[in-house]
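By written order: A, B and C. Residues from 1 in each chain.
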């Protein structure tokens, strides 16, 4: 069932450009793809491993600003900057993982929240480097000597990125590593008894999803051409968590669905500013009450029952 | 004591009292239901914003204040009835997200209804600020501290001597046992939400003449109140208060002596430090898991 | 030399002395049972030996090496496996996956190779999956090989935990009340299973309340009461011990 879903996704991604009428829709599709990959990484942490991160946008912001600052102010090649940003995010995640994951439940949520907020504040305040609250421009991405610009080339970059990520995450969850992760979620004490070093696995998946988020932050920054500290703030972190929850926790395809739906929603409500917040809030509440596992798992259960 | 230090201390304690009230609200609801109500910050915001609305609609201050406490209390009960109750027994992550959703709804509605501006109203008592040890003490600060102290005492009396208070405590110790002795735990939950919202609203009302209010003050105030509750140890009323004052004072000192740009980061850095050494906060229970 | 040696082991929770200076030895290849009234400290003892709790004092030795206070995942490497009194099945996975988790240490858990679907990793995983199925048949779960864990009845889940413990190919397995909550027929099946496991060379340490089963299959029995050792010996010796009778039935008036 999952394999069919992935193939279907691949077909959609390949054929979509035939349907997209103009640049606006390309942009929308690209934003969906970006969010989908970040959400995939976050879902590994929240859905599969059963942990929580309310500050994930912070890692996204680290990648975004690395790609903004390093080429602009230090002359780095954009690809090197992406690598540096991802490494920095991974190191930060590794550093805080050990103390943070000793915590449980609300304390853990609080610590991740704090992490995200502190990162956002740093980005806002260090204006000498970051351009402060108004943000700064990001130079274009250079691949094999070519500057990447325009929606069509970027669409294919993100499409490939998305398909690879979906495939890789799906494989990962079926592998022994993924099983150990899911076992950790199911019963920490039983998986420990089986030899799973729970603390190390929590750290590993936290670092991995931070790495993912940072890379996407960098790519998104290059695509948009501009970054502001808002990319790292609490609202963005909440949006990401919402996408995980609505699309389906512990579901690879669910991550994509959640990202697609909740990237489209703000667009649909763009003219009704305050109502967008209300709608988001209502969706969160309704989904968590009615479909606590998310859309895709609920639909999959429906299908399974029909057979 | 240098005047500067005193000034920072005063502003820290004042804001800390509001954090403490918010933290008490968090603790109350957490004890009754194991839910962290991320919408608590919005109740603080509602207190201030609704007072502004009612006074500008012509009501005298006391009436506006009374309404601005009653309405959030009712909103709190609505949140419990419509968002928490239907989700009985859900995972921690789900409950956290539900309350975040509720907070978004409240904030969004206020944003649409009252706009994005910043507002204030007159302090409760007129008169020049008091000068004291070289520092300036706004009269409103005395109101904040006085009312907070009164609320804390009232709560203590309520939990100690009233049947309702004891019912709430019983539910927080063991909900099933409480039900078995005839306590309506659903109603206890409703009361907890109402009380907690009312307390938050009071905090917001008291603070507004000093710091202005707007549709989005709830986010930071709520989060910092949450930090205070966790610092003090989730579930401990005394911890909530101590946590609130601690967070307020540390924040003010850091803003004053180190850097005011990073003022908002301080509570969150504080929580890292505290949780690192005390994974359950200053006064939280030490628990062992039963396998 | 005994496989497992416990010396003067103690554990207190606040003011409660859950385990007090308990000493005993378990030889390789036998079925060793720990019995006692509720609250006697049996599960705490298990938790101490399998690393879930750290002892306050005393020593635990496996094959001569001290293992007291080591973390559970490290003890798994040394050949210790266990089941839990309050079922700890991962309800978010299938039955087979639960068993495969038991074999975690034997598998390639590399993140990158997992992500990229490395052929060697896939082959090893497939082999492991077949083995898990075989183990499920071994414990009598033929009907549930392709089930989700959440769809299985209680009795089957208890046996699933045993299959998971065996997947680690342990030297010694700790079964915490494997027959709890089972009807007489199911208990009889567990009886047979435990004997089968011991006959295959794995040492079994058992906590059980079902006296018929304990007396039937145990080579040696340890009796605990209020955290202290009351008696130790063969089934016959223990059955006749007045202190044991007093602990369970009360002393004669």
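A few points about this structure:
By our rule, a residue touches a chain if its C-beta (ideal position, glycine included) is under 8 Å from a C-beta of that chain, and two chains touch if they have at least 3 such contacts.
Keep in mind the model is a prediction, meaning the values are calculated, not measured.
With centres taken as mean C-alpha coordinates, the chain found closest to the middle of all protein C-alpha atoms is A. Chain centres computed from CA atoms place B at the largest separation from subunit C. Each chain gets a centre from the mean of its Cα atoms; for subunit A and subunit C, those two points are 41 Å apart.
In this assembly, the C-alpha centroid of subunit B lies 48 Å from the C-alpha centroid of subunit C. With centres taken as mean Cα positions, subunit B sits 32 Å from subunit A. Residues of subunit C in contact with at least two other chains: 52, 84, 88. Shared contact sites, meaning residues of subunit A that touch two or more other chains, fall at 189. Annotation for subunit B: residues 291 touch two or more other chains. Interface residues of subunit B facing subunit A in the complex, by the touch rule stated above, are 30, 36, 82-83, 86-87, 90-98, 100-109, 111-113, 219, 223, 226-227, 230, 234, 261-262, 264-265, 267-269, 271-272, 275-276, 279-281, 289, 291. Remark: subunit A residues 168-169, 171-172, 174-180, 182-183, 185-187, 189-198, 204, 208, 250 touch subunit C in the complex. Contact residues of subunit A toward subunit B in the complex are 46, 52, 54, 96, 99, 102-103, 105-107, 109-111, 113-115, 117-118, 121-122, 125, 189, 234, 238, 241-242, 245, 249, 273-285, 288-289, 292. For subunit C in complex with subunit A, the residues that touch the partner chain are 50-52, 71-73, 76-77, 81-82, 84, 88-93, 97-98, 100-105, 107-111, 113-117, 121, 125, 161, 164-165, 167-168.
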